[in-house]
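Letters A, B, C and D mark the chains in the order given here, with residues in each chain numbered from 1 onward.
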């Protein structure tokens, strides 16, 4: 199968990671690459790590440029995907790496994004219960946020197995690429190296309703989420430390069993052997998810920790995985569970 | 006042930071510097940042070497302080930067350290309720652990004001110096740069009972603690993200007021203006504590976040602060709230 | 073609990187993995980024374990390769990633390594003049050192074209993985993060005679080398800043032309467009070499700068590239010029 | 003595470091703090590490604001100092931390900065031969550039002693704070962490003529300089690796002797014992300079390496040191040779 692929928003970190993966995808043929502020520039000047594409030139993001492809990935700022997607036919697979189509509840969207809700597309996290069914044959996919990917995978088994109370407490650290490539003072190397700091504290981070949506679906009841993101001095990676009070009757064994069952057949999620803990460095550049879970009897809590690469499984790798499922390809095509470490 | 000071364990990170501070302390005269494996070496080869002490030579840690000082700081591996302290007279101020004398409950000590309990000394966290009283005139001080310093300061106001349920959930990130200077594979630069990982998960970290001790004292009832430490790719700093369910009636205003009251007169604790968040980079090398607190109405939780330098306020700075109080000096002598940033 | 491959020394950084590449190599079948101090351990505990090999167990490095493979890679400490290689038949392709067989002059070996010279094998840097010829069909390959790879590629065109005086001055920065996985105090994360320092200054670094050997061959006369390595706060990458006095008649144009000619057909070496400079981050995890050259008329010097990943092109990728040539496979099989950035 | 000090340009990295040092200076009273784009903002929001100044508010940079001070420091973009300095009386000590008044040759200025030359002020590097004489009693000081500080101190002893040929080759790595606080894409944490890259290659960096000026003065003849700066993944620090061909008759002993003599009485320059090498981490936050020198007999070159903190000795510390000399204070007042490490 030859899959002609266009990327709208090829100059940012998400777009660059997507191109890195597509270059290694045996079926993908990279077609139009578009950008707006960077249109007319060589990709070699914008993404100097993508040597085979160095001489490609960015086009403006127009319907004409994106026409004639089987798949169009949108790596655009929030709120811009709907207008582009409308111009693409129903047979084109459109994969939105932004937030626009992730949330089911228009009220959530409006409360957190402050603009009218564009709609809801099938959600690209196949490891969730029923996740693959929603994607097979679909021609629209909403790629999950990077934090919701890490958090939902870490906690849904506890909720799906009825082992946890519906109040999750989550602290997650992200590398700086999650904040994008637009230069801002607090993202300067001088500021982030050697320092950790939180942001979006107190329930205001936009990924919060997406986590609630996923965990509530797994639990069969509304799960509240206290989410605190922190910025870590590294370019890539998310480490999500998630916990919830254990329900009566939960034990270390039942918790472990629930996680083993949830991930037994998953190609990308690796429940680590007991005694070993996730490290973001181990999944750098890979689509793998490392997960470990513990039961703290004294505190009465289940602690589940996941490590992903925010740009790979957290964004572009998740997008390619969903593309594979939607097109009927093997889900792992062009993706790897091998990290670049150290 | 001239204070003659000896440091047992001058070759490690805690000892080095202590010497850095003592060099800037107007009353301190640095006397004996001891070590065991490094005895006989020039300090310049072991602590090349301490230029004024470069030609000093480490002596073995013996009673003779430590005799004749007003203050003896112990920066020794856990379990070794009691034997040294016994040899020092009751008029000598002995300040233990290790864990040996922090815990009140021998059962806690034995459960977490696996050896007989050496005793309990006045606890060197003056910002806690009643904290200064315990230190004034004392000749023995147990310096708090780095994590308990960050966590106790972040959460005690909520407990002291009766605003929080007695179940705290804490995720804290530490720079690598907290793990010491003994070379271990997982602490290599190649392993830690670009990676975050947890350790001591599930209630097993040795600082857990110390946090419970402090928060329970503030709350007047037993507080359970779920504590997850993570190793961050930076040399220094602790960012502690702490939360607890708010008690009925707690509001954003009452929470803010409790924190303002708790820290109004504290020279080292800085409750940030609303909208600004702690950053470990801002307190690097300083004895300052940056704290911010939020009330997440949707999740019903109080989130309190602190940033300290683990080696300064978290260890050596806290030790000097306690020394000042014990000796009747101004508490801030030789200490600063000015960080080295960026 | 199915190529059965064994790796002696699979627990270190070079061995880990080699396995990462071999997992992506379409013809390679990974056979025996050996180690000595780590024999009996799961690879998942030693190389947690290599998920597909997590359940493989290291065997001791013996002739029996290494028998029955088409290719044996040696990632052993200096001085240990000869004894292992002797036990392998002449039809087995043996690729030594250590230093033992790189130098032609036994006197150089003895002066820098202090032990008897084991011999000289075909040198695995195909981009050098005549480099490929030496490797085709060979059953023994000495993989170049990481610094000599970066330096030789940066400077040989100037020498081959007769543009530079035979006195090269080189300052190169390496990530910490170049120093290996054995824990040493100065390699701790606490020590290397936020700091740069030189080592092996004054002509004593062991890679110096290898650089002299390569550059002298290109120049047709003995080239002296002043080489200063520095340790940089990053896990991977070498940035080599190399310069030499320009010979009379050299111009910016003739220098540029020499470099364009040298690398015109090279699949892995990318001479950057004028105005763009190499960055180690852009070649992370890739076999690419980024090179740029400038002519400083005022100082009368040619400055050539290269960036490689020390573990990939600098070690394991170079080894796979040589394997491909020796076996008659396409030289680029299993290798990429796409970096993992940011 | 009470010294009333104003800082024009208090929101950047140089200004912030200067304030950090002035807060520890026993004679300085911090007066007006000015900025242009940030006028009206609290310093606590701009320099959150300077807790004692958190509530100070930036004023616009005007003659009125700067009036009434004994010392005015200018931390302004290049080319803006002259206009401000003109408005300050001849009795005010004006210390320019920018480049405007460093160069003696108007042609050099115009060639490298492209604007008319503003003049030449006494040069604030007291360790150079005759350096202190020029500063005593002066009311105008040009603070050296950060690279020229590191390079000139590393190499002038070799030139002053007639041991080196007049062609220096210099490669220096700087932390990112040297590039300032204005956000630019290539300075993002995502770009700089894990990567090294050169810039200003081929003799075009603006600090080149300043190095030539200093080294030529020491040598008594024109010294050519090949200078390559590289950006290192750390916030602070410069490591300068400098070399020159040794003159006939130079020996390891004569080189060492020249350096010992040059720095014997210097309070801030520390020639390390043989076998120990400079590390930028060891001088972080301090005014110290670590220097080591080697003679490479095989290559016939002298290699001198220095480590400084680019913001301290390289900018603000050097400025305070010059202020002390100009005002007749002890040169070391308010400055330290103690680094913040690890």
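Keep this in mind: contacts are C-beta pairs under 8 Å (C-beta built on N, C-alpha and C of every residue); 3 or more make two chains touch, one makes a residue touch a chain.
Molecules present, by chain and UniProt name: A, B, C, D = N-acetyl-gamma-glutamyl-phosphate reductase.
Since this is a predicted model, take the numbers as computed values, not measurements.
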Comparing contact pairs by residue number, the option in A-B, A-C or B-C matching B-D for over half of them is A-C
For the chain pairs A-D and C-D, which is connected through the larger number of C-beta pairs in contact?
C-D
Can you give the whole-Å distance between the Cα centres of chain C and chain D?
37
Could you work out how far the Cα centre of chain A sits from that of chain D, in whole Å?
45
Where in chain A do residues touch two or more of the other chains?
13, 175, 177, 188, 190-191, 193-194, 233-236, 279, 281-282, 284, 341-342
List of chain A residues in touch with chain C within their complex
13, 16, 20, 23-24, 44-45, 47-52, 54, 177, 193-194, 235-236, 270, 272-273, 276, 279, 281-286, 288, 290, 336-342
Please output the residues of chain A touching chain D within their complex, sorted ascending.
13, 175-177, 179, 181, 183-185, 187-194, 233-235
Which of the residues in chain A end up touching chain B in this complex?
167, 169, 171, 173, 175, 188, 190-191, 193-199, 201-203, 224-226, 228, 230, 232-237, 239, 241, 243, 245, 277-282, 284, 292, 294-301, 303, 305, 307, 341-342
